[in-house]
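Okay, here's the structure, questions in a sec.
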Amino acid sequence: MIKQELCTVVSQSQIAKDIYELTLSGELVREMNEPGQFVHLKTGGEFGPLLRRPISISSISKDTSEFTMIYRAEGKGTKLLSESSSGDFVDVLGPLGNGFPVEASEQGDTVLLVGGGIGVPPLYELSKRLTAAGFTVTHILGFQNKEAVFYEEYFNSLGETYIATADGSYGTAGFVTDVIANEGVKFDILYACGPTPMLRALETSYGKNKKVYLSLEERMGCGIGACFACVCHTADDPTGYTYKKVCSDGPVFKAGEVVL
Amino acid sequence: MKSLEISLPGLSLKNPIMPASGCFGFGREYSGLYDLNQLGAIMIKATTLEPRFGNPTPRVAETTAGMLNAIGLQNPGLDRVLNEELTWLEQFDVPIIANVAGSLEEDYVEVAKEISKAKNVHALELNISCPNVKTGGIAFGTIPEVAKNLTKKVKEVSEVPVYVKLSPNVTNIVEMAKAVEDGGADGLTMINTLLGMRLDLKTAQPILANKSGGLSGPAIKPVAIRMIHEVSQHVSLPIIGMGGVQSAEDVIEYFYAGASAVAVGTANFVDPFVCPKIIEELPVLLQELGFDHISECTGRSWGKHEKLAYHRA
Amino acid sequence: MKSLEISLPGLSLKNPIMPASGCFGFGREYSGLYDLNQLGAIMIKATTLEPRFGNPTPRVAETTAGMLNAIGLQNPGLDRVLNEELTWLEQFDVPIIANVAGSLEEDYVEVAKEISKAKNVHALELNISCPNVKTGGIAFGTIPEVAKNLTKKVKEVSEVPVYVKLSPNVTNIVEMAKAVEDGGADGLTMINTLLGMRLDLKTAQPILANKSGGLSGPAIKPVAIRMIHEVSQHVSLPIIGMGGVQSAEDVIEYFYAGASAVAVGTANFVDPFVCPKIIEELPVLLQELGFDHISECTGRSWGKHEKLAYHRA
Amino acid sequence: MIKQELCTVVSQSQIAKDIYELTLSGELVREMNEPGQFVHLKTGGEFGPLLRRPISISSISKDTSEFTMIYRAEGKGTKLLSESSSGDFVDVLGPLGNGFPVEASEQGDTVLLVGGGIGVPPLYELSKRLTAAGFTVTHILGFQNKEAVFYEEYFNSLGETYIATADGSYGTAGFVTDVIANEGVKFDILYACGPTPMLRALETSYGKNKKVYLSLEERMGCGIGACFACVCHTADDPTGYTYKKVCSDGPVFKAGEVVL
């Protein structure tokens, strides 16, 4: 169930250039079941920017009722968020949307997780669950440059991890798709989150032959399915009236389900 | 809450608070968050004759104390609204105000005729003011004669009272209000969004795929208050006010200006529980201010102006 | 700063940043805070033929991300503006844009004729859009034919180029812009304030003694951007943009929309040093965005639309 | 000279119902010369309410570069201000306006200070200066009720102090003007600050025969004299064009100078 709660900041720290890791505690952690769901945050309280900001859940700790997010402080809202520190409150609406289906990975499947930039965070909880369930997981994480890289060690500890940077300042130079091709990475199922061009490239290459799940991004109003801000066309009716809402039908869709 | 009960043409409401059209879908999502029976009424998303996908995304952009939207009247079309959404809403004891939109006069008339037959639709809200639809739309909301004729046509077929939703993007809103009053409107709802635009610093392009969109939220409240203050003193129709309402205080300000009920739009996105919160806070605030009933607030700002007949009813 | 120098009809500016009329008096107060020579230009407070006291107080009220004002064109009248204010301003190497207002056509013409003779007045800003003056004013700003004729009359007597300040409170701003272009205007300034009102929760009365007032500040920026975006593609006059500008980023957004210079109003009250700050930050931001000169930004949002002749100049 | 500065909160505390005492330190204290001047505060920083709030200076300590204000937390801005605590910054523009003329008190004068509600604070610095200069000062301070009373002891330590409350819950029941009449308070010069009806009553009774200085309040835009928000008519041309600006010509005027 979706809850609204003033969660308490447990910790906040900068972990890469403009990238912050924020851990909150609150009762709504009880409702967090799938990796890949997101929360909708009112940053800066009453006087902050008007709209909430959608941010993915990057890890969940039911024991401590805590969850963590990783975000880029770029615009007004996220910059304000980055100023909150332990003991402060953050107004959270969530958990929202449908996450990555862990159960789509079947026994014996080799799993590939591909993330780009601030699309990387939700893959962390996903990887924890998949490895806990016994799957071998490979990670390919793409970033702009060396300064933007985060969580490499965390992913490393869960499975093989490749880093690509657009400017070549760290790891492989180029895009995540280059890594898959160059390194001959093999997989049965692919979960990805990142910029739309990346998702499109993955869908084009693997959408037909593999199990592929993609987490989409779209500007949002309500975050709960009521305002029609975040719709996309369905793949079987690409110019028609049928649609999916990224916030409540997604953000994760099976490749071929919606028009990217 | 006796102090909040109000009655308007076609509407006998527990309280004067309702979500604004387009900001609440058809209620399904919010029904998972709280009991919709608490609401005074629900203004459902605009319904058109045929289903509409609406505009390409991005469809929303934030502005200082406001937001722009260019949804483009996405909706599943008259048939599905009737057969799926309105029937689903029948489980609640809440009157529905159906927002009716179209590009051609015939469309409006057809939708109005059919949707007004639905059991739980107690009033229509004629949306002649959507800034996000290219064809036709504009004239309905900006040319008094055109608005009047449309109102007349819709009144002829509607089985429930008809409220006309006015656009703020006009030189003379009183003239528009009088025209639809002449056309036989039973009430007004105002205001729809102001036309606006935001550009992206990096790309130099509009953030909205549709380029311009409708501005809503607290930023526009003073514009709405001024228009309602003026219109309410020149027509004798009841007004459902809207534009940036976020709190019980805002509701009272709208009543003072001349509104008889208030709709909450954008604030639902900021705080999905805002409507029940306002409904809870209103009686307390009324008492603090020394009113026995919310209707006493309507038109309090008019000062020396004679209060018009309707508002005393 | 070469990257900020621009030239517009009558105006050869160090930079395109100037305080907006009514938000900077005649410069005296701000001259105590910083060197006015830094400014691109100064738009002085509206000048009328006779001195005006203006409206009773309260004259300002705060709104969310904005403010309402109903100053009512208080000013010491043409003679004292000429003999005291403009002569005082001569000590600065800053072109003055004189805001001209009135109730009757004759007043405008008389003020324009005399004030345009002042040595440091390089352009006039014809204020046909003040929402706070009861008599006459409204028609000048809302009826195209009336605006056109006034522009013509003023052009006949003015010794400097004439910019016309457009009101946003109209159904069709493009029509207004074209009318004053036809009337011979040399440029446009836009937008003036939106009509708005706030009511006091305790008294139920308008906070402003004048009841309604003009809404300015960040709240109105999206409205201004949309209007400039549209007007700039339909007329070939340069536009000085304004409405909620607070930062160098805002300035760029106005240029993208189609402005060739930008005025800063309300923000001066929030931060009296805002103009010099923006002037300092602009070159840095331009470089970050990859522009050599600010004029490259004008009209970048127009997309596929043909850029009009003037804007290339 | 008027300065803009991010001043540091030295201390803030609640001293009566909704009434806060806030001490800030900053270089602009150097510029503070007259009692009765005010500062213009941007509350809540970038995301706070748009306009600045005018608040009187209630005491000045040049030694420590600190100044104190006393204000009622009522609306959005002042409520936000009341949330700041020691170490925070407050954006201050000031000092503004012309204060009370201490030099108008001549040797041998008996001085009366009359304050109403949040008009009381600027009288404190004034009283300190007057008593330091050897004058005998009487204070009459009016409040709504007992809970609203503040600084009684402070004023008491400087001179005789009468408190009046509108509801009679403390001190004399009634208005400050009642106290003057009932107690037969004698004075040669009167300085007052408070609600306009109070100032009007004082002006009517004493404006002609005594030296009377009144500090006015008006809604402000700029606070520095540029926007014409805060003007009033001059007494010698009450319906004409001549005017005074409360922010820059005032807030203190001699009785009979402007139309209240």
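Letters A, B, C and D name the chains as they come in the text, with residue numbers starting at 1 for each one.
Following the convention adopted for this analysis, contacts are C-beta pairs under 8 Å (C-beta built on N, C-alpha and C of every residue); 3 or more make two chains touch, one makes a residue touch a chain.
Small disclaimer: the values here were computed from a predicted structure and weren't measured.
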* Structure fact -> Contacting subunit C as well as subunit D are chains none
* Return the distance between the CA-based centres of subunit A and subunit D, expressed in whole Å. => 55
* To do: Return the distance between the CA-based centres of subunit B and subunit C, expressed in whole Å.
  => 34
* To do: Find the geometric centre of each of subunit A and subunit B from their Cα atoms only, then give the gap between the two centres in Å, rounded to an integer.
  => 36
* In angstrom, rounded to a whole number, how far apart do the mean CA points of subunit B and subunit D lie? -> 46
* Which subunit B residues touch at least two other chains? -> 63, 65-66, 218
* To do: Any chance you could list the residues of subunit D touching two or more other chains?
  => 49
* To do: Sort the chain contact graph into one of these: line, ring, star, complete or other.
  => ring
* Structure fact -> Full set of chain pairs in contact is A-B, A-D, B-C, C-D
* **Residue numbers on subunit B that touch subunit C, as the complex places them** => 63-66, 68, 142, 169-172, 194-199, 201-202, 204-206, 211-212, 215, 218-223, 225-226, 229-230, 244, 249, 252-253, 256-257, 289, 297, 300-301, 303
* Going by the contact rule at the top, pick out the subunit A residues touching subunit B in the complex. => 1-2, 4, 42, 49-52, 93, 218-233, 240-241, 243, 248
* To do: Can you check the complex and tell me which residues of subunit C touch subunit D?
  => 22-25, 28-30, 32-33, 45, 51-54, 57-63, 65-67, 69, 71, 74, 76-77, 207, 217-218, 266, 268-273
* What residues of subunit A sit close enough to touch subunit D in their complex? -> 44, 47-49, 80
